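We just call them A, B, C and D in the order they show up, numbering each chain from 1.
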Amino acid sequence: MSAFAALLARDIRLAARAGGSAMLALGFFAAVVTLLPLGIGSEARLLASIAAGVLWIAAVLANLLTLDRLFQADYEDGSLDLFALSPLSLEGIAGAKIMAHWLTTGLPLTILSPLLAVLLHLPAAAYPALLVSLLTGTPAISAIGAVATALTVTVRRGGLLLPLIVLPLLTPVVIFGAGTVLASIDGLQNGGIWFLAAFAGVTLPLSPFVAAAALRLNLSE
Amino acid sequence: MTPLDCVEGKGLACVRGGRTVFRDVGFRLARGEALVVEGPNGSGKTSLLRLVAGLLPAASGTLWVSGGDIVIEEREERGKLIGWLGHHDAVKPQLTAAELLRFFARLQGTRAQSVTAALERVGLSCAADLPCQYLSAGQKKRLALARLKLCGRPLWLLDEPLAALDADGKSLLLTMMREHLATGGLALVATHDPIDLEAARLQLA
Amino acid sequence: MPAEYLFAGKYAAFVLPAYGVTALGLGGAIMLSWHTYRRAGRKLAEVEKTNTLSRAPDASGAAED
Amino acid sequence: MFAYANPKRFMEVSAPLLPWLAGATAVAFAAGLYLSVAAPPDYQQGDTVRIMFIHVPAAWVAMMAYGFLALASLIGLINRHPLADVAAKQAAPLGALFTALALITGSLWGRPMWGTYWEWDGRLTSFLLLFFLYLGYIALWNAIENETRAARAAAILALVGVVNLPIIQFSVQWWTTLHQGESILRRGGPLIAAVYLWPLFIMAAGYTLLFFTLLMVRMRTEILQRRARTLAMGGPNAG
């Protein structure tokens, strides 16, 4: 267990340090959300109607931004070989990295999102739904993103490939997530949050194994 | 150091990306012995080391690792006995030298106190709290050597260890290897520049 | 004959493009696949010829089709 | 095992089979096209119903192709079958082609009925996402230089994709009920009149045969190319 905790702590420290991915993701998320009204117009009712979707899509893009270096940085500098030879299995390594990525990207985004929702005039009723849906959805984004980035770990500029590969796989998360927030605006309960929870509940435990399989094949060829 | 008596490979072949890198390579390494793998670039020295480490599956042939009465077949199990020193030094620029070693100590499950001793051994104690981005290539290689010593694994696999080391670095490497062999360790070294170490030679075509 | 009626029909503006696109897509795929298939066959024959010439006559009969 | 032993058998078996397959495809298409043109116009949709004969088969084959791709990937992963990798690699561009055709003909069919070229209808949206799944698969395969690694990575992606497909389908349906305005004429909703069933099935048979014919041709091409490359690299034959 301490090996898992060691890797988790190292990744969090690396992300928090200067040039780490935590600040990068938050900055990108804030930039996209503030840029949008400049493009679309600041009319409150219009912004309110698209706020849920914008926040969710910006969160997904911010996650993708920091995901592509999840394994590639360690692959390129030889750390992945040492991890493969350590007592911690590749599945454990993938699990620790997914958790570290969520803690340094998914969670901070969720905490920051209400602040940015104010910029988009999101109706007050939707704030709890926004928080809950992001809290449930971002782990699934990290999980599926980790699988995709494990597949492209040997690709020189794999980061460009990631959005294309991950887009169809993430549609359920965006649909249920944004759908939940939209429904909560007019006080409805359309059960989107339960689908999101179920989706996250399935992908989270499985993704370390699929990601480990992808890493194993990329290491051994 | 977990006891390890012998490592033996017979008829080993390695195929990477559809190309046969090498065919029917055999060697035998007993406790306290070293083997230097020589050969031109692209002859598969690194692939052989990765194959012994279990990172690469062997296309054909067998590899035994035996210690006392147990024989280890499964290649991921074999990985736990390997001290790996690869081309890249696996050094993170944002972490300090001490942090890096403490992390690998916890990852491998060895005692963290021996970190300062390991840094001392390779002459990096002064740079302990320096982020690794400020270390020179030679210092990074010494840090990798400190990690190798720290993990206390019986079978050392060294891939071009002499690269980036100055004269003192080279002599440090040789003394550390002799110490390792003296305490019953084994070592496989892939290199193409000469290394004056009493060891068997394996020539890869 | 239904054919002229088809082309004069109110929605001909949509039926024709749909069939046209399909013909283009499938026809294009067939031609492309066939062309690359022939080219691959020729290239293999050529490589096999240079291969057997460049080596001693004892070359094992690389007589695949 | 000699990497290319097995495809040799495939090359020998597929050589005589190819002309028959091509012939069957031509016959099916000829019959299907004739029936499609000869079918009476629909009382509601008029002639646009004829688009159904090329839209629905394309959609069926597009989905069948992804199933084939996933199955070939599974076989390729489990017992490292080089032929399965070739089959999966060549099925993807074909699948993408049929998906694109389904999307284009679908939108052309939608235009007279819904008044717009694109309608975020559940089926069309799912097909757009299927198209992205194909693009992702092909892009991943081309991005990785090492042939065998590319095959395995793409296989894992295909399997992850095929597992997610029903979830995507479900989430898009759920989403359309969330946004569906008035109930527009559901395409293919009403029971398809019998007279249209025959052209539909024959065209579907034609499309499926065409898929397997092209697949066989492209697999043979890939094997010939690999053999030429191995020879040029001074491979096994050159000793």
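Here is the rule we use: a contact is a pair of C-beta atoms (placed from the backbone, for glycine too) under 8 Å apart; a residue touches a chain by one contact, two chains touch by 3 or more.
Everything numeric in this text was worked out from a predicted model, so none of it was measured.
Geometrically, the chain at the heart of the complex, using CA-atom means, is A. Of all chains, C has its CA centroid at the greatest distance from the CA centroid of chain A.
Computed from the mean C-alpha positions, the centre of chain A lies at a distance of 31 Å from the centre of chain D.
Chain A and chain B, compared by their mean Cα positions, are separated by 36 Å. The mean-CA centres of chain C and chain D are about 17 angstrom from one another, to the nearest whole unit.
Chain geometry summary: the mean Cα position of chain B and that of chain C are 53 Å apart.
Residue positions 16-17 of chain B each touch two or more of the other chains.
Touching of two or more other chains is recorded for residues 221 of chain A.
Those residues of chain C in touch with two or more other chains do not exist in this structure.
Applying the touch criterion to all chain pairs gives A-B, A-D, B-D, C-D. Contact residues of chain D toward chain B in the complex are 3, 145-149, 230, 233. Those residues of chain A that touch chain D in the shared complex are 147-148, 151-152, 154-155, 158, 161, 164-169, 171-172, 175-176, 179, 182-183, 190, 192, 195, 199, 210, 213-214, 217-218, 221.
Of all residues in chain C, those touching chain D in their complex are 2-3, 5-6, 9-12, 14-15, 17-19, 21-22, 25-26, 29-30, 33-34, 36-37, 40-41, 43-44, 47-48, 51, 55, 60, 62, 64-65. For chain D in complex with chain A, the touching residues are 129-130, 132-133, 135-136, 139-140, 143-144, 146, 148-149, 152-153, 156-157, 160-161, 164, 167-168, 170-172, 174-175, 178.
The part of chain B that touches chain D in the complex is made up of residues 16-19.
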